[in-house]
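Order of writing sets the chain letters: A, B, C, D, E and F. Residues in each chain are counted from 1.
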Amino acid sequence: MLTLVGTFFVAAVLCAATGARLGARVFAFVAAPMVATATWLALESSGVLDGSPVSQTFDWVGGTGGFALALKFRLDGFGLLMAALVSGIGLLVAVYSFSYFAEPHEPHEPHEPHEPDGHLSPVREVGSYPKINLGVFSAALVAFAGSMLGLVLANDIVTLFVFWELTSITSFFLIGINDHDTAARQAALRALLVTGGGGLALLAGLVMLSQQAGTTEISGILAAEPRGTVVNVAIVLVLLGALTKSAQFPFHFWLPGAMKAPTPVSAYLHSATMVKAGIVLIARFAPAFASTPPWRPIVVVCGLASLIWGGGRALRQTDAKLALAHGTVSQLGLLVVLVGVGIPAATYAGIAMLLAHALFKAPLFLAVGVIDHQLHTREFSRLGGLAKKWPLLAAASGCAALSMAGLPPMLGFATKEKALAALADSDVSWRWLVLGVIVVGSAMTFAYTARWWMLIFGPRKHEHVHDVATGAKPSAAFVLPVALLGFASLAFGLLSTPVGNVVAKMAVGLDPKAAKKLSLWAGVNTALILTGVVIFGGLAVMKFIAVVQRRRDVGHRIGLSGEKAFDRSYHGVISGARTLTGAVQSGSLPTYVTVTAGVVLAALTAALVSGMRPDMSGVVLANSPAQFVVAVLAFGMVIGAAVVPRRFAAVMLLGGVGYAMAALFMMYGAPDLALTQLLVETLSIVVFLLALRDLPNSFAAPRRSRSKMLRLAVCGAVGVGVTMFALTAGTQRVGQSPTIQYEQLSEKAAGGRNVVNVILVDFRGTDTMGEITVLALAAIGVANLAAAVRRSRRHQMARPVDAFNPPNEFRRSSSSVILDQVTHAVFPVILLLSLFLTFRGHNAPGGGFAGGLVVGGGLAIRYLAGGNAALGRLAKVPSTHIIGFGLLISVATALIPLAVGNSFLESSIYNLDLPVLGELKVVSAAFFDLGVYVLVIGVCLAILTQLGDHRSAPELTTQDAS
Amino acid sequence: MIADVASTGLIVLGTLLTLVAALGLVRLPDFFARGHAATKGATLGLALTLSGAAIQMSDRGDVAKLALAVIVQFLTAPVASHLLGRAAHRTGIALSDHTVLDELVDEPDPTFVAKDLK
Amino acid sequence: MSLALSILTGLLFASGLYLMTHRSLTRIIIGFGLLGNGVNLLLLITGGPPGEAPILGRTGELADSVPQALILTSIVIGFALVSFMLALAWRSWTIDGSDDVEDDVEDRRVARAVRRAESDRPDGEDVESMDPSSPQQSTS
Amino acid sequence: MNVAPIVCIAVSFFSASLCIARALRGPTVPDRAIALDALVVVLVNGLGIMVARDGDGLLVDAILVIGLLGFVATLAVARFTESRGSS
Amino acid sequence: MNVPGWVAVACYFAWLAMWGDISVPNILSGIVAVAVVLWVSSALPTSAVRHRLHPVALARLFGHFVRLLVLSNWTLVKTSLHPTPTALRSAIVAAPLSQRSPLVSTIVANFISLTPGTLTLDVRLDEPDDPVLYLHVLGFTDVEAARADVAEVERWVLAAVTPRTRTDIADGPHRATVEGAIP
Amino acid sequence: MRMLLPLPVAVPLIGMAVSLLAVRHRRAQRAISSVALVITLLASIAILVNVTRAGTAVTSLGGWPADISIVLVADRLASLMLLLGVAMTSLVLLFAFGQGGTDEASPFYHPAYLALAAGISLAFLSGDLFNLFVAFELLLMASYVLVTLEGNDEQIRSGTSYVVLNIIESVLLLSAIGLTFAATGTVSMAELASRLAELPEGLRVGLNLLLLLAFGMKAAVFPLFFWLPDSYPTAPSPVAAIFAGLLTKIGVYAMIRTETLLFPGGQQGLLLIVAGFTMIVGVLGAIAQADMKRIISFHIISQIGYMVMGLAIGGPAAIAATVFYMLHHIPTKTSLFLVEGIIERHTGTSNLDRVSGLLHRSGPFALLFLIPALSLAGIPPFSGFVGKFALVTAGFEAKQWAIVGVSLLASLLTLVSMTKIWVGAFWGKAEPAVTDGEPVGILRSNKLMSAATIAVVGSSVCIAIFAGPLYSFCESAARELMDPSAYVRAVFGR
């Protein structure tokens, strides 16, 4: 069965691929899998009807850990009926489509500008349908057929849901196939969202049911008949899915809109098959769940409401197709009541009527399609008198119409009789109320059916109808599907007893007690009398139809209410989304930061609430008086940096804080940190000034200070929280730091006495590798932005470019002889010191970082002395090469051990005994540090040259976008 | 012992000189006067302290480095005050009321506008 | 644990975060500078008590070397971030003569669309606008 | 003998706070810059005191590094102040 | 390599000083390190003016320097602790120089900054103007005294560090590329 | 494994170094990037195969004992994420080659991109909390360079927000790690697994919340997602694609580690609320937008909510669902951004008001959008359906009705916004009109971009087709995650 379903999707791919080339012939690909299915059904039918269903399971996601998805199919009698309808009508629709899309109407201007379309304009332009993309259309159509087949065969909630949603999706594409039409797009969207949303409710309901029943198999769930609150909720959800799919009141509104689709789609999806999915579901579940509290009220009320509303609306339509669409809502309402009420006889009648409905509704739609296709109109006012012109069409439509009206000797009559009888004979207390409504609904059905046929085929009422005269006669192949289906209503009606017996075997699949009989003549009984009432009532309605039509169109307003409610909620969602998003995603960075700080505060508060308390016994005011004093001084500078309204002052105070930090590091026993901090702070000040030199010294006045107190409060509270947290975490250690092992291993195994440096280049060298890469990235990021500045300068030489005046480019007098001379003296010393620090770092404070930063400081001095010119040839070396080289050294040093079977970054110690040098210890990690040194130099050079003197900075871009 | 005394004396003296520099920084009336304090006091003060420290060092390398640091301080301190002073003058920072003569003429620059420099 | 340094850490966090709630990118960067110092201090003081520099051969209780290594990494990363952000500020300045971080244009558009919709369409029953491709939805 | 370093350090802190006061008060950029420069000198001075007290060479490198590079920040402020004043 | 030999020697000693002991590895690595450093430094633009050093005069210069440095600090102590109007009387004076050597002028300028009551603000050696040193005087008495101080210092320095190329007023450093061209 | 595990980190870094040396030669840079990523990809495949066969792989870097050095740990989750990450990075690189403009705009695209790849690999593999921080910084810094690659007005403005907010995140993460070290004396995740449990309640909650906060910000959960929708849309498409597919998932990955290894079951109630809000606010944000890039950017947030939902529900079933959801989301989201990139290149805009009728330009291209779009909306039979269904089932099993309801509602809203793109951009009159001559097929106009996109969409489809074996892999991964002691055993060999 999976293969069979699969062939539809293969056909869909073929259709999509060849649709443009083959034109209407592409429908052969649509027909092929239908034929295959029909053949398969024929082969399986005898066994299935004898009560031995065919099953197949395909495990999609295996169930080792409890979660499993399986595609499970089961062909029982009811499934056979539905599959037969899907494939049989599908085949006819495919044949029909070939004529519908191919015959005389080649578009005048193929695939050219698409004129704005007039929605359901009374007279459409010739060839407006052939403009649709036949590849997409046929692919969606055949994919739909496959999905529908999968749906009716599904025996697993996952399988059911998969195909359920697929039918919604394919229906979306089919309704919106004429996508230049705004109304079609809207209709498609409404249909998708209503049925898709219902599908999600269905999913939830099914999962709940399956968990209550302990199985995902539908037959298993039905057999388990779970009960309880969860089940009641689940049932509501399942019914929500079913009623939306079957366009039942109050979700009916999408169906008339769906008539935007080409007629074959309307006939196939929106009358014969897809809308029946809900009926199928209700029919399957009714025997097991009709007795749950929510079931009957929902099913009966919605069904009857749809019956009456649809009938009323159908009477008022002036468009032949819309009249049928409303009729579909009405008849589906009746079907819902019948299959859902949970009375075996009614179930039987419902299934028979389902067959009858498919047989009469599809040809009626197809007939409208023929007329529309030949005459380019569906307006009753422009039609009439077609019986003489196209008698075959009229006769076939007539048979179908009679069946729809429930008149003998059609199948529709037999089934309606059975339905009335089933309800009348049942023992439910409210049967007469239901019957009454059904009678009224049936009378309306009678009336609109008669009206429909008479207005099209009956004698003309309007003399100005000239369209009819111009229409060419439809080809035989075009009318054939209509005729076949129309006359089937008659034939099946005449053969209603044998047909009824087959239907009985099918109904057993749902409910073993539903095996009833069908006949044209069951004697004079309640049902027959009621039919008489229906006919009489119908005639009365026809008589007074003009009166009815003149009255205020209550039905229209009620009918629109669903659509309006939907559109309102759609708009509500959209505008609500905008309001919410406008509020949450304000686009303002200060707000974002404040909110983030607020969340941090909340987290800290939560920690305090759940008992985060410092152990104050381990807390002293300060570790030393000096530390206390430095802390106080730093305190002052922090406040200063935060409040001073001037850029340079703030930068300098930040620098002061940095130096204070260095002092604290020093006192804490962290000379490496102090050294690095000092260097970094110094370089930071230079970079700050380089970047900000042109900005006004004063900060712009804050735009709104309303929030200032709030921001201060939040941030201040975060500060308090952090202090609390620090005191808590710092006084309650549960484990030991690995520093002890590091101290033991540092010299023995790693060959260095400076533990911090050994950690950096060896124990935790990977951190360092990442961190130098971060540094390299920062440098190339700076260079990249500098290149962007240069690009924009070259393009727009307006302000603030003119105001821009780098320090070394103004008057010669800005150079300083003194600075030049001192720089010359100091620079070599700086370089020597850097080399010293780098190589000494393994044993004493220093290392590649510190060394590289010292060089950076030296470069900064030179740069400040005279801009890039003072860097001489150094400024011409692309700093990226230096960076790349340094990175290469470091990473290669880390990788080489892998080649000799050691670990990544594993360092080796070589004790060399050289003739002159004596014993020399070489640690391979030193090369790693050398790479760091080189890289840091490159980074400093890049930042200085790129951020500093951008006019003379070396161009690092390969080509400038121009 | 003598070394200890000498060292301590030098350090105390040096520290007091840096204190004088800092005092001058606070008490003197204009930027240029403060520049005198910062340059002279700090330089000699630091030189004395580092010399005092050098006496205490056993490692020759450390002594050498301290000496180097002193030399570097003599080289760089005047440079800093020179550049800051020139910048201050060019940007039109007010001289104190005690100033009687200003012979330094910055190059005429028609576009010169003193920005807010505070 | 040093209370003075704990409080200084809290102050660095508070003032750093506060500066980062400003529009001026310079202030934000200075705020980050303070915040970065705060984190480093946090790591230092919570990582263990002060001691001798962790260099072998020295007498006395050595300070924990691990937080020092972590802080060193953090200092360098902080420098990288500050440099990059300064370049951003500079670039921003060359674009519009300010280092202020402006609100996001698209976000403002959405917010404006809300206000306009409220004033324009008191009772939004416009069936056309259900279609996303129709101009009703555009928020320009 | 032990008192002297402590007194010296205390004096250094007083000097440092004076420098910081000037840095906070300004009123001009060069004023702040020279204050910061002096602060660095006070810091190095403090390091010198500690070096002498402990006879420990660990901090000597730091002294040399600051001596060589401590004026870079001042230099930068001076250069950029000048360039701004003359635009 | 465009670097004077004494610079290389100074660098080498600085290297040895940093390591603090004279071992074979340090001696050898010093050669490499100094070579690298000077190579990198030579990639930077340097002045073309060469000088001759006079050790005795250098020592005398150093003596003057120490004396005046101590003196200047004494003055500073007085001024800082007791800033009288006389002590605060200030002036910015332009003092003419007699040569254009950058090195000599720099030494003069630094000397001036560290001597009593004077602080170098700027040195201008560029042609066509006369070379001049601007200084800020604290405790100002008269212009000529200040100028005389500068001239005296310049004499001391020129005695110790003599430009080998002509660097007098008539001929600026930019043209002075031929060695030993002193008339 | 000692050989293999470091390669996904080291090889891109070597590539970055060489790429920096070749900064003036774009073709060389392309070759370098390709070679580096192919080697990385092969290594990742080898790692996954090894891990599947022989269980969690561990190597301690530097050859030191595991308790004092940084370890790289590849369990099932890590190796799966690693492979996905590297595969996406490689395919998106291919796309970037085709698109051209990105690496022409700046010679730093390639180095930064390779650094990003290294950072992603390290983030997945690292078994050390501080090293994880370094990995985050690495990939973040690379992302800073990449979001401001062209340095134009838009990128600077949005890039600034991105950088500032992510820097705050970094500070938070570092603080959390520092405090964790303070409380436990270690940053090794395996060591932490046991030590954290010994901490007093308040401290543990605080650390847990701080870590979740930092990772949650990275993952863009409510209410910390602001940075994402403002920054991704302005980035170049190939950059946005890789960010969208991967970066937030690294945050989720870290959250999973936090909640399974460090603080098992720590903050489920909180996460449940966060998940619900993230789903709904994210998808409503998408609905509010008129620009395709922004719509799909907001979708990321919403879908992060699903992943957090599984994490919040907890238990092997829900965690497996989350892992599968991540597995599905990475290629699917990436492909949507790539599709958007093609649209933008073809039409010059991503604004729905200006683009329409793409279906009529190229049906196959429309399919390339449709598959990931429907997949993200959870429409069967695509991969997203499997993920969502697994989450919903797990939610029902745990009786978390509310979150399941919210997730289904979010699903419907996702469908709403996806149809908005479809209706807006794919239906209707083909606009803007093609200016230069013949309307060329969208896919044929740039074969490299198309091939990359098709490959990514294909991988998304394959996830649906092979959902069976993949899901059972995810279940094994979840079982591993539910047993922290196995992780500790693997690392310490005890």
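In this text, a residue touches a chain if its C-beta (ideal position, glycine included) is under 8 Å from a C-beta of that chain, and two chains touch if they have at least 3 such contacts.
Bear in mind the structure is a predicted one, so any value in this text is a computation, not a measurement.
Novice: Quick check for the class: compute each chain's Cα centroid; which one is farthest from the centroid of chain D?
Specialist: Chain centre farthest from chain D's centre: A.
Novice: Name the chain pair with more contacting C-beta pairs, choosing from A-C and B-E.
Specialist: A-C is joined by more C-beta pairs in contact.
Novice: Can you tell me which chain lies farthest from chain B, using the average of the Cα atoms as each chain's centre?
Specialist: A
Novice: Would you kindly tell me how far, in whole Å, the mean C-alpha position of chain F lies from that of chain E?
Specialist: Centre separation, chain E to chain F: 62 Å.
Novice: Distance between chain B and chain D based on Cα centroids, please, to the nearest Å.
Specialist: 10
Novice: Need the CA-centroid distance for the pair chain C / chain D, whole Å please.
Specialist: 30
Novice: Just the number, please: Cα centre separation of chain A and chain F in whole Å.
Specialist: Between these chains, centre-to-centre, one finds 16 Å.
Novice: Could you list which residues of chain A touch at least two other chains?
Specialist: Only 185, 189, 570, 574, 578, 581-582, 585, 587, 589, 593, 649, 671, 683, 690, 694, 697, 722, 726, 729-730, 737-738, 742, 763-764, 767, 771, 774, 777-778, 781, 785, 788-789, 792, 811, 813, 816, 818-819, 822, 826, 829, 833, 844-845 qualify.
Novice: Out of chain F, which residues touch more than one other chain, so two or more?
Specialist: Each of 130, 134, 137, 141, 144-145, 148, 151, 160-161, 164, 168, 175, 179, 181-182, 229-230, 288-289, 419, 423, 427-428 in chain F touches at least two other chains.
Novice: Indicate the residues of chain E shared as contacts by at least two other chains.
Specialist: 14, 18-19, 109-110, 120, 122-123
Novice: Where on chain E is chain B touching in the complex?
Specialist: Those in contact with chain B are residues 14, 16-21, 69-70, 72-73, 76-77, 79-81, 83, 85, 88-94, 109-110, 112-114, 117, 119-123, 134, 136, 138, 140, 143.
Novice: Where on chain F is chain C touching in the complex?
Specialist: For chain F paired with chain C, touching residues are 130, 134, 137, 141, 144-145, 148, 151, 153-154, 156-161, 163-164, 167-168, 170-171, 174-175, 177-179, 181-182, 187, 229-230, 233, 288-291, 294, 352-353, 356, 419-421, 423-424, 427-428.
Novice: Sort out for me which residues of chain D touch chain B in the complex.
Specialist: Within the complex, chain D contacts chain B at residues 1, 4-5, 7-8, 11-12, 14-16, 18-19, 21-22, 26-31, 33-35, 37-38, 41-42, 44-45, 48-49, 51-52, 55, 57, 60-61, 63-64, 67-68, 70-71, 74-75, 77-79, 81-82, 84-87.
Novice: Using the touch definition from the top, list the residues of chain A that touch chain D in their complex.
Specialist: My answer: residues 626, 629-630, 633, 636-637, 640, 644, 648-649, 652-653, 655-656, 659, 662-663, 666, 671, 674-675, 678-679, 681-683, 685-686, 689-690, 693-694, 697, 803, 805-807, 810-811, 814, 819, 826, 829-830, 833, 837, 844-846, 850, 854, 857-858, 860-861, 864.
Novice: Inside the complex, what are the residues of chain D that reach chain A?
Specialist: Those residues of chain D that touch chain A are 9, 13, 16-17, 20, 23-24, 26, 29, 32-33, 36, 39-40, 43, 46-47, 50, 58-59, 61-62, 64-66, 68-70, 72-73, 75-77, 79-84, 86-87.
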